[in-house]
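Scroll down for the structure; my scribbles are underneath it.
By letter and in written order, the chains are A, B, C and D; residue numbering begins at 1 in each of them.
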Amino acid sequence: MAEFLSLHDAVARYVTDGATVAMEGFTHLIPFAAGHEVIRQKKRDLTLIRMTPDLIYDQMIGAGCASKLIFSWGGNPGVGSLHRLRDAVEKGWPHQIEILEHSHAAMANAFEAGASGLPLAVLRGYIGSDLPKVNDQIKFIECPFTGERLAAVPAIRPDVSIVHAQKADRNGNVLVKGIIGVQKEAVLAATHSIVTVEEIVDELDVHANACVIPGWVISAVVEAPAGAKPSYTHGYYSRSNKFYKDWDAIARDREAFTAWLDEHVFAAGQDNGDTA
Amino acid sequence: MAEFLSLHDAVARYVTDGATVAMEGFTHLIPFAAGHEVIRQKKRDLTLIRMTPDLIYDQMIGAGCASKLIFSWGGNPGVGSLHRLRDAVEKGWPHQIEILEHSHAAMANAFEAGASGLPLAVLRGYIGSDLPKVNDQIKFIECPFTGERLAAVPAIRPDVSIVHAQKADRNGNVLVKGIIGVQKEAVLAATHSIVTVEEIVDELDVHANACVIPGWVISAVVEAPAGAKPSYTHGYYSRSNKFYKDWDAIARDREAFTAWLDEHVFAAGQDNGDTA
Amino acid sequence: MSERYDSSEMMTVTAARALHNGQSCFVGIGLPSEAANLARLTHAPDVVLIYESGTLQTKPEVLPLSIGDGELCETALTTVSVPEMFRYWVQGGQIDVGFLGAAQVDKYANLNTTLIGDYTQPKVRLPGGGGAPEMATCTGEIFITLKHSKRTFVDAADFITTVGFGRDGTARDNVPNIGRGPTRIITDLCVMQPDTQTKELTVTSLHPGVTRAQVEEATGWAIRFAADLGETPEPDDHELEVLRDLKARTEKHHSEA
Amino acid sequence: MSERYDSSEMMTVTAARALHNGQSCFVGIGLPSEAANLARLTHAPDVVLIYESGTLQTKPEVLPLSIGDGELCETALTTVSVPEMFRYWVQGGQIDVGFLGAAQVDKYANLNTTLIGDYTQPKVRLPGGGGAPEMATCTGEIFITLKHSKRTFVDAADFITTVGFGRDGTARDNVPNIGRGPTRIITDLCVMQPDTQTKELTVTSLHPGVTRAQVEEATGWAIRFAADLGETPEPDDHELEVLRDLKARTEKHHSEA
């Protein structure tokens, strides 16, 4: 059953040094508030999993939280590179990180397989691509019925998944709405899960087939208004495209990045629900 | 792109003798009107696929439409046996039919694999069950990552799938709501598909993540009000539990069944949109 | 047997008590559904009931006649597709208890819902596996409830639709990612549990007024009794009242249409 | 080149015209998105646009900056999960055309969006595969649009992120359940198509005013020209007006927040 925690306490309890962490949200509902809390608590040696690392992982990698990244598209959408990711991969700053690279189809299937309790995902994938040459986690199996060669990748089973959503009710049941990405799969695939929400309400007030994640499969629910900014929350606020564009210049320069981090993450402190 | 057809014309065009046909709807939204049209048109030698054959296949089997049944639970829910199915299997009336029997998990996965364009579904299934001894379509594979033995079944790819839904818009986009079963998967997995709906409306008027099947993946949309009776359509009418109970006595007796069929299917004729 | 309740009520109340508050329970139609809803309406208000039609965390006012009654969807937290139900929820390991019925249960708690007799020439054809085969292996544990008779409790099932502990009690040994299987069988006469060593079903408590001889007479093998054989606690008045109300509501509802 | 339009406009209009009304199109962000929406707003009002964020049949008023802009969801027929997008819609074979961009395209239409240089010591690290590797094999065919230069059109891609026809043009031969792959590459200079025999990219039409020499100069291999080399039809005024409106709306929208 979901426990209502402060963001500080949820991250302190479930994001341990060395953990495998998936923070999902496909452009929409990216859990930035939680990412900043991970940075503030100086978590280290994390294996970070995310289809699109986006600015959230650029920031966490630049802040030195990660030792490994598993991803399938590592850019600043519509803008260009993730400079902190590139600096870590290409020049080892602040330290070297290992990368393991997939296609979106493979990662989406791997999350789905994790949610399904399977050890592997089977897909018609990677045909003719060089990716299997540089990712030893991609294997191939033969269909016992047709003989067709199909790709297989290990299921994603994070130690902890963190996602953001619109709202939770008082039993911790969560509504995710709009571009739902792999959020539900990330939560179901993980040993522990933290869901940050814009608000906690008496009734979710949803139709029969909405994307609802029941409270009893979630470890912690955290009220974190604006917790996805500068990404967006459908029905609450829009994406700050300006911030995504501005990030390019900030992240390009180590000093500018460090100054940004000090001012906007460390000095800002937690802005929600600290009970510590 | 979906074509709007009469029930007669849709069945005449897409349900050909010898075809593999899936008529889905998990208790809810069972496409009875379409089933009766298949009976009226005296289709023969069909391979019928359905997780729960229910009364609809009991009627079609009793009427002599089927040569094979693929299923996972063959009872009259809450009442007892499907007597026409049993009479065909046990006594060969009106003729012998072949059965291929799965678990729900395997069939649900096989529909999902069919919708996913895969030749097989992989599941953690059939452990310790005798079903693999009597169904040669159940095989086992070894996970290349963990060595775990997992079940594999062929994907379901019907020649034609028929489902019932609440409504379609004028472009043939369909809303399925409530207990959605494997309807979407059945449509996507099939070469052709017929969707009968309670009504055709100007706007579906749905929320972002409703279960909507786009018109461009459907072959034919048919307006068939009350097309799921004696099953039910969420938001339109309830299940006739009384009919399900009464069916037990009707189906138990070949003559009573034949009389029922003559009166309620053949003599009744089509009650919707015949353009023939 | 008391005059306060009959043996069916004793069975249902005992089955209901097996569920703990907060557990997630995959519910089979019929007796399991009756017991699981009684639990929800009495000592376990936060038990999470899941039906294979895709209805998650449902709270039906009346017992469903079928696994996909509209009532289940209307009172559910949410309703998912059937593939998602079996992939994410059953196989995904999100369900603590599977609550099943059966036509035949054998000495090693294997369940038969497929047929009596031989597969190609059945004496009686039963509905088949449905959700049970994977529920029995993917959930944390399984409770089974059905009436006690020689026809239902047999030495060896004609067909193992759903595995308990296999033909020799070892079917779960060394199998990865498998649940504990049947941990409790609740009948109208007694409660049985698998022996911790052999996995053979053993009577662990007799319902009030039931004798060993009655159980032996109704069981198709030489049934054993636990050394510390107890007496099953009686239903209390509140449980009986809630159960009778539920059944009356249900009967009224389903006779209407 | 005409004074009515510039080479970018020529490219986008030509790319847009490649799409037919009623086709389902999986749309990459950037130039493909611009072309696909132009098609929808001109000759192909019923083209079905699909973005990998799960938005099916979307009709954005302005071009998205990212693949998951709110606009895409708000104007879509429906929005599905990302696993469903890749399983049911891409792999399920429901998509006629995949419309892609790339950082590098080679002689056999292989696409590189991973890196320039060596994998372990990249000169330039690019974003990676995203949806492209499976889009290129699971959809009916692929259109590619990007600007022509020696840096982008290379003899052999440093890394094959997404297969065209492989290192020797035979990668799709005898592979079951595979689409036709890249059938058309639209640049700001010309249209290229794979040779029917060798699969080597060959210029099939030059944009008005463009010379063979210009294309040769901008291509990293000895590019061939089709025997029946044609001239690409010019954009008409309506297309140019709609395109300019779309770009102006888009720029205004994205500069606001």
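Basically, contacts are C-beta pairs under 8 Å (C-beta built on N, C-alpha and C of every residue); 3 or more make two chains touch, one makes a residue touch a chain.
Bear in mind that the values here come from a model prediction, so they are computed numbers and not experimental data.
Think of each touching pair as a link: the shortest run of links from subunit A to subunit C has 1 of them. Chains making contact with subunit B as well as with subunit C: A.
Of the two chain pairs examined here, A-D and B-D, the one linked by more C-beta pairs in contact is A-D. Ranked by distance of CA centroids from subunit C, the top chain is D.
With centres taken as mean Cα positions, subunit D sits 40 Å from subunit B. Rounded to a whole number, the gap between the C-alpha centres of subunit A and subunit D is 28 angstrom.
If you average the CA atoms of subunit C and of subunit D, the two centres end up 57 Å from each other. Looking at subunit C, residues 73, 79-80, 87, 91, 138, 177 sit in touch with two or more other chains.
For subunit B, the set of residues that touch two or more other chains comprises 112, 117-118, 123-124, 146, 148, 178, 180, 184-185, 208-211, 234.
If each chain is drawn as a node and touching chains are joined, the picture fits none of the line, ring, star or complete shapes. Contacting chain pairs in the structure are A-B, A-C, A-D, B-C, B-D. Put simply, subunit D touches subunit A in their complex at residues 29-30, 52-55, 64-70, 72-73, 79-83, 85-87, 90-91, 110, 114, 119, 122, 125-134, 137-138, 159-163, 166, 171-172, 175-178, 254-255, 257. The touching residues of subunit B, counted against subunit A in their complex, run 117-120, 122-124, 137, 139, 141, 143-146, 148, 150, 152, 154, 177-178, 180, 207-211, 234. Subunit A meets subunit D in the complex at residues 26-28, 51-52, 71-75, 77-79, 81-82, 85-86, 89-90, 101-106, 108-109, 111-112, 123-131, 134, 146, 148, 178-182, 184-185, 211, 232, 234, 238-242, 244.
Of all residues in subunit D, only 22, 24, 46, 48, 56-57, 73-74, 76-80, 87-88, 91-94, 138, 177 touch subunit B in the complex they form.
Across the interface of their complex, subunit D is touched by residues 1, 112, 115-118, 173, 184-185, 188, 206, 208-212, 214, 216-217 of subunit B.
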